[in-house]
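One structure coming up, written as structure tokens, with questions to follow.
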Amino acid sequence: MNTFGRIFRVSIFGESHGNCVGVLIDGVPAGLKLVHSDLKKDMARRNPGIIGTTARKECDIPDIRSGVFNGITTGAPILIIFENQDVRSKDYEALTDTPRPGHADFTANIKFGGFNDYRGGGHLSGRLTAGLVAAGTIAKKILGNIKIDARLIEAGGNKKIEQEIKKTYTNKDSIGGVVECRINKLPTGLGEPFFDSVESVISHIVFAIPGIKGIEFGTGFRSAELLGSEYNDRIIDRNGKTKTNNSGGINGGITNGNEVIFRIAVRPSASIAKQQETINLKTGKSEKIFIQGRHDTCFAVRIPVIIEAVSAIAIADLMMLEQKVPRVVR
Amino acid sequence: MNTFGRIFRVSIFGESHGNCVGVLIDGVPAGLKLVHSDLKKDMARRNPGIIGTTARKECDIPDIRSGVFNGITTGAPILIIFENQDVRSKDYEALTDTPRPGHADFTANIKFGGFNDYRGGGHLSGRLTAGLVAAGTIAKKILGNIKIDARLIEAGGNKKIEQEIKKTYTNKDSIGGVVECRINKLPTGLGEPFFDSVESVISHIVFAIPGIKGIEFGTGFRSAELLGSEYNDRIIDRNGKTKTNNSGGINGGITNGNEVIFRIAVRPSASIAKQQETINLKTGKSEKIFIQGRHDTCFAVRIPVIIEAVSAIAIADLMMLEQKVPRVVR
Amino acid sequence: MNTFGRIFRVSIFGESHGNCVGVLIDGVPAGLKLVHSDLKKDMARRNPGIIGTTARKECDIPDIRSGVFNGITTGAPILIIFENQDVRSKDYEALTDTPRPGHADFTANIKFGGFNDYRGGGHLSGRLTAGLVAAGTIAKKILGNIKIDARLIEAGGNKKIEQEIKKTYTNKDSIGGVVECRINKLPTGLGEPFFDSVESVISHIVFAIPGIKGIEFGTGFRSAELLGSEYNDRIIDRNGKTKTNNSGGINGGITNGNEVIFRIAVRPSASIAKQQETINLKTGKSEKIFIQGRHDTCFAVRIPVIIEAVSAIAIADLMMLEQKVPRVVR
Amino acid sequence: MNTFGRIFRVSIFGESHGNCVGVLIDGVPAGLKLVHSDLKKDMARRNPGIIGTTARKECDIPDIRSGVFNGITTGAPILIIFENQDVRSKDYEALTDTPRPGHADFTANIKFGGFNDYRGGGHLSGRLTAGLVAAGTIAKKILGNIKIDARLIEAGGNKKIEQEIKKTYTNKDSIGGVVECRINKLPTGLGEPFFDSVESVISHIVFAIPGIKGIEFGTGFRSAELLGSEYNDRIIDRNGKTKTNNSGGINGGITNGNEVIFRIAVRPSASIAKQQETINLKTGKSEKIFIQGRHDTCFAVRIPVIIEAVSAIAIADLMMLEQKVPRVVR
């Protein structure tokens, strides 16, 4: 399924080298101001323009096709389309029999019986995250004072990020990174004990982003090494403020009023400007391939705005489930 | 919401020190053999009986109340109840004003306006996972040859697990651990590109287990430090077998035919046999508390069977969504 | 699926002659008073005790097993069980090869591959509506001033209902009836234009009740015969009050502030105290059968309280979807 | 919510006089042939071109924007847009303060706080059914041999339909009608006992069509007047064939192998070419209005193809829920 959310519902569609990509957002309250420029700022952050990021420009032009009237949301579904213009499908035509290592070419081919649009990954493309970012922009408008802030805190294991990217770009290779997200001013008591734990809903949508391979909340994997007497966050006031924040602001799946903090692992970009080996599905023999087209040296640099967007979407849906957002905003 | 799944649907209910805990499972195909002893084996693994695990015995007695006729599933919802008998609520009565550090006492109180059953955590208790384990036993029956195997691979940062637990028990403290899960013989092509990625659905249900603070697939967080040329798994045969398995058997959210592997971080047990400090919600003053009752030194030892169960549930639901499990099994 | 609702979620389970029937209700706000006697009154209305209704008494004893603490809902799922005690399964054993006309014996057998519990209809029994009634009692507590009132307005085409039932009982036959439901003090603006139209959600759950074969809103089928100039309800004040109410209080799927009114057609009870003919599934030959056991001459007399219950459930879910019910009630 | 279905999921969007209307369809199996002309034939039936139907032509041009590659479905979501070109919004501008009788102007205004696009009904327009018809065309491709046939069987209470429409057109009034739908070759055993009864899912989506006020299955409302001995359909062969078909091919919510038959009541068109009275929401005074623009004398003539479409959608979703449609079709 290509839909997330129960009340604030986000459905993405489209293909990397097809006609368009986009998003349909249902459950948006009526009365929110929404104009083109609101969407543009977040879209721009998906293209940080530093060395080693590709430059498909069309991502930047969201077209609002429904659900907005006189610059205000109407309560009806909002369709936002990003037309594809800068498409160079020829680059990919050669690769149908030789699935690219690290990409989903092989799995999509199996899953969809060979009927999938394989050009540039088709539907299984990072370009689909454009729709997530647009939906996130709208979700944030519901969240009031809540602050979501994601940053790339290391790339290739190095805290000096630009330097590491430059070196990797020169070597025609790619690197991954770690993104940290901090969410403040969430209402205390958000989330549910089990299947709607804050960790469950955030991790669900975070792993919808292609290329994410891990997530940890608060002290995360290091918490497995601590003693209970070290880990337990001591509550120091009636609002639930804790002295430490090993739990990342969440107890029993529910926000405790402290900062929610999580980190995610982003794998290196699959496409690299180097020859690689794969299998030829027709001949069954090993074959050398070279991936034409534009590559991101470190697509992790695009991820923070996407993480903020999906966090906003997940929180908006939780808040609406918990009756905390009115259907009409004035 | 206390339900997971779209077709194979698992709903948990109950309270730690109330009348019962249990599970309602809908969407189970008709024709599966299901008797009491099938459930007992997995239930026993939740109580490994090593030093430092508590000994509430009633968990072990699942009572099948509907959906099974003559030892065979009927296609109707299956209700399984675990009656609570060994309840010592008095141990917890004292703590209503002084939320236990690391527990959900504070967050549940805020969320449910003080109406929650606070005894032993009430609904927010690890005891609710008894229902997950029972549902998992049934889910596994749908999965045919698929093998799910989870193990505790370290506790308190130490690979010598029993030794570490003993030491911690002696010190009246608690420790966490890391559980690794390997799934083999999954069909290639399971999972969907975005919101139903294998990582999304597994992480969603894994974080429904109280006390999990991180998950990583394949090489996980270490992948953020690798070069693309190191990370990309080279495909070496037409079935998609890869030379390495950094991606953990998943590309683009979809299984690639290799072993699916993930690790989870389990925090230390919140209850420890040591005095701790917290706030008194009535007085607003700091107070010392000592948690009576039974404590798990390392509840991570109970987690493997739960991880296997929730993995089985998530995979069963995905397989049914993808039309891979008949409604009637003969 | 045996679940209705997106936020106020009602799951029914059990078998007519098995261990129990019951209901699991999730999404109930914390803080509602709920004691045994609240449930009893509505349950009693399912057994009006007039001539020609059967007398299984156990329906009347709901057992609240979770989600309530000190007589107040906690926000956790509420499990209510009706134990089966007064079971005479032998009456039905003879019929496994000879499906009863008008019953679901044949369809259940095909659907579930013969694994279904066939005793008294098994899971496909009117007894399952006990759970709906209990859920409805809870739903009504959320609805505040909203008044739902359903009545049997005719039986066997006759407005003199008791007289018609007596006559039919004497003739060892059965009759159907028409139930009319009126809902007042609904908020204006409830419901959505298309798939969540008030008509959609009410008809969905109404047809979940066994034996319902038609529903019409407002003027209903007769509206197909009217002119637009006759049908259109003229608005006569700013609150939307209309002079006539042909639309049954709903325009474009949304309540308009006038009384919501609908009627449903209830078929005659399938079980009659007369010999009937059917096919023997083993021999393929025609065979005469006589249905032992207790019969309802007119089960339509039980339907009003069930219609009120399912209406309350549908409205409660719509109101929660539209952010009109707080998660905690004080 | 503007989405129907659990697996075969249909989401509609757009506004009557906005930029476009359309549909997003998710869960479509890969491998189905889908070209523009497939959609055109059903679209044409929405505009039967008889006297008294309006002539907005743009409905006829579906634009497939995603999910189809080389004329074959890919398994990714299918976006179909109908651009609005023939828009005369001025006709409607005058009416914002004076809600049209029988329309949803008043209810939409209340529900969406006045932020709704009011032009021509905005999102609450019969034009949205264009997307349902397109989704139905695709759904039918999944259903194999199943035959769905809906017909207008009377208009204004008259079986001579064209004659009745002509008369009404001359009188500048409008009329409703009754549509009958017959579905053959459905698999026996489709549908579920309660909330997924065939009646529940069909009525749910049927009432999503604007202007439907009643539905009855089989003998429907007349069944309330029959005796059980008359109503019960006698089974006459091992395949479940019955001598009569009072139940409309459904027992216990499940298909019994006989023809599924239902009838729906369509109200008269709300817009008529006559002066009407309403309230002025600003002044609170009664006011005479005359509705400019194009009117359908009997929009029921458009309904059969829509009923076929929504039936196909509901059945496709049920069949996928019951594991009867493969994810990849070859």
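Labels for the chains are A, B, C and D, by order of writing; each one numbers its residues from 1.
The definition used in the following text is that a contact is a pair of C-beta atoms (placed from the backbone, for glycine too) under 8 Å apart; a residue touches a chain by one contact, two chains touch by 3 or more.
Remember, it's a predicted structure, so these values are computed and weren't measured experimentally.
A count of C-beta contacts for the chain pairs B-C and A-C puts B-C on top. Comparing the CA-atom centres of all chains against that of chain B, the greatest distance is found for D. Separating the centre of chain A from that of chain C, both taken as means of CA atoms, is a distance of 44 Å. The distance from the centre of chain A to the centre of chain B, each centre being the mean of the chain's C-alpha atoms, comes to 26 Å. Look at where the CA atoms of chain B average out and do the same for chain C: the two points lie 37 Å apart. Among the residues of chain B, those touching two or more other chains are numbered 1-3, 6-7, 12, 111, 123, 321, 327.
Against chain C, in their complex, chain B makes its touches with residues 1-3, 7, 9, 11-15, 18-22, 24, 26-27, 30-31, 65-67, 69, 72-79, 81, 111-113, 115-117, 122-123, 327-328, 330.
Contact residues on chain B toward chain A in their complex (touch as defined above): 1-4, 6, 12, 99, 101-104, 106-108, 110-111, 121, 123-124, 128, 154-157, 168, 171, 173-178, 188-190, 192-197, 199-201, 203-205, 207-208, 210, 212-238, 240, 246-248, 250-257, 265-272, 274, 276-279, 281, 284, 286, 300, 321.
By the touch criterion stated above, chain C contacts chain A in their complex at residues 6-7, 76, 320-327.
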